[in-house]
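Lettered A, B, C, D, E and F in written order, each chain numbered from 1.
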């Protein structure tokens, strides 16, 4: 059960429908996933988040598949169930194989481990990590 | 102040030195960063973590730079100060530009945002995200 | 499946029943939610947590509805499913509308985003944020 | 040390300066805090985040001070040092007293505690928390 | 639904079967839990994680039951559902009673609370906590 | 810089002093650490948190040193700097050696790693982990 009503296309306002249409067109699919149907309870927020996703996830200095895998890495770290399913599906669609997912998770697991070793033992940050350091 | 003594090379046991030597050789540097000097208080753990880092971060289905950027993404998500400095430095060494770092952080920020929108509004996971789903 | 037995009223000790009675009376309801039935496995803990909730969530310098929305914000940030459902229900009972929930989640999402931008880019804390700063 | 260069006003491009000008005008201050100077390394991101902050934090169904306190609550939960300082300062400017901050933190602390009691004992979500439940 | 195929014993490669055999023998059970069946999609990772678990969780300066309870504490703090169930079961098998679990959760809850009180109020670390401090 | 004034003994109200006196007497020390001086801005909260600490951390089904190490584990997982320093110092005072700290951190690191492997790969919880399961 969602904590707000899911707004279906048939009952959506023209403002919401235009975002839904853009989501489906941009992704080349004929359905809208529940995340957006929840956000549609505040059309301005629906539009803002969708425009942000389009802008941030577009090709740029990083490849879209790399970005999608970073999204999966963050979602697994935070334990977000919905996001892990939706972005793993998106990454697979963009070409992520099982082997790539397994390696991605190995890195995510290791980073979470050493993050806590550093947090618990508290070594000082080495001056060599300062971008302006000259030996 | 670290919470354990940092074991310097000069005072390290042969077991610890052999790991330090391998770290410096593998990375092509002449110093060992404080993280490892803290772990050296338990040589078996020092060796295990270092061997894991070498295995997990090696080239495979994913590119080493991509892996390093995933590491940065996880460290920023968890707020680990030491790891953010050390792995950002490592990613830069492997070729990450300022433009790539800024895009990486934009994805990390966005993922952390939508993770909470999903956690707070609780839309059900769409059946289409099931890898075995056939429409 | 809970990880401990849920203690129902009918089988509860007088000590547990007196807390259950106070929960129902304070909230004006005729049932006790599962969270408390789990805590009842340690009656002293049940009483302590309930007394704390009563003290901390009471009207004071902050309005009870504001406090309940802060509770929802923290629960969504942490990804606690049970707490998100129970405190969203509590906030609605105290007057939170759909519009308020959507705005609350927009703030929660944004804060989680910029927290990571700051954690990843590590700008130094400006001296102007020091409460004792005088320009 | 920040992980990217902080872009000062004197050296900023016209695009960045126009955002800086809007930040200072909107807030009625004559300086720009370091968070924005770090984001300015990617002007499009600087503009996007600033526009989002203006939109999300504006008065609406929730009061701006309430929104700012929710921001503080999330930042303390995530342990973001920079954000805790900057948003506590912002909340004080909007009227948060010491008494309000102390109460806010009491709620944040309690929510973080009970989130883990629920995560650890795993009571099932009560059907009464379903918004559509009718007894 | 898992995000990768679960590799059952009957279809597993000899390399995977040898790890499964060692898991069952070490634990004195005749089944392998789903966590390992997911990891088996990358046999080298399956072996590495299992060897690490055996090494880290073995008796040493800390008792295995204490280690298992620490595992439960971390899993509840992170909100990992699978891990909370699996490690609570493991801790019970090693002797954790209901009373011990309830006390463990009380500590976990309290630590999560005071972590945020410290993160939100930001008292400076007392010099007396420096291991090298001499009054 | 703390975000609230630190209340020193000399300037404290009788109510605050009585808690400070109890902290020093209970711990056998002649100073009060900054955490409590921050909480003292709300004397009722100071008293409540201190009484909770005394109750929860007292000997019971679990040993006080075990409880203190669980506190360290949670603090390192959350990345709380103040709490990691203060509770590591407390655990050392109760008998935690360097070897025990290193083993504790190894468990904390491993749990954080496998928590994310489970969160990312999403194996279903095995029915055998249900406490009421009978094969």
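Basically, contacts are C-beta pairs under 8 Å (C-beta built on N, C-alpha and C of every residue); 3 or more make two chains touch, one makes a residue touch a chain.
Note that the structure is a prediction, hence the values are computed from the model and not measured.
Peer 1: More C-beta contacts across A-F or across A-B?
Peer 2: Higher C-beta contact count between the two pairs: A-B.
Peer 1: I want to confirm something about chain E and chain F. Since they are copies of the same sequence, is their interface symmetric in residue numbering (over half shared, so same) or not (under half, so different)?
Peer 2: Answer same: the two copies use largely identical residue numbers here.
Peer 1: Using only Cα atoms to place each chain's centre, name the chain farthest from chain E.
Peer 2: D
Peer 1: I'd like the Å distance between the centres of chain C and chain F, where a centre is the mean of that chain's Cα atoms.
Peer 2: Here chain C and chain F have centroids separated by 20 Å.
Peer 1: Find the geometric centre of each of chain A and chain C from their Cα atoms only, then give the gap between the two centres in Å, rounded to an integer.
Peer 2: For chain A versus chain C, the centre distance works out to 27 Å.
Peer 1: Quick one: report the Å distance separating chain D from chain E, using the average Cα coordinate of each chain.
Peer 2: Centre separation, chain D to chain E: 33 Å.
Peer 1: So which stretches of chain B touch two or more other chains?
Peer 2: 1, 3-4, 49, 52, 75, 77-81, 84-85, 88, 99, 102-104, 106, 108-110, 112-117, 119-122, 130-131
Peer 1: Among line, ring, star, complete and other, which one matches the pattern of chain touches?
Peer 2: complete
Peer 1: Give the list of chain C residues in touch with chain E in this complex.
Peer 2: 3-5, 41-42, 45, 49, 78-80
Peer 1: Spell out the residues on chain B that touch chain E in their complex, using ranges where they run on.
Peer 2: Those in contact with chain E are residues 1, 3, 44, 48, 52, 55, 130-132.
Peer 1: Quick check: in the complex, which residue numbers of chain C touch chain D?
Peer 2: Contact set of chain C toward chain D: 1-4, 6, 31, 33-35, 37-39, 49, 52-53, 56-57, 60-62, 66-67, 69-71, 73-75, 77-78, 80-83, 85-89, 92, 97, 99-100, 102-104, 106-108, 110-126, 128-131.
Peer 1: Taking the complex as given, what residues does chain C use to touch chain A?
Peer 2: Residue positions touching the partner: 79, 84-85, 88, 98-99, 101-103, 106, 109.
Peer 1: Which of the residues in chain A end up touching chain F in this complex?
Peer 2: So the residues of chain A in touch with chain F come to 72-73, 75-77, 79, 81, 84-85, 88, 104-105, 108-110, 112-117, 119-122.
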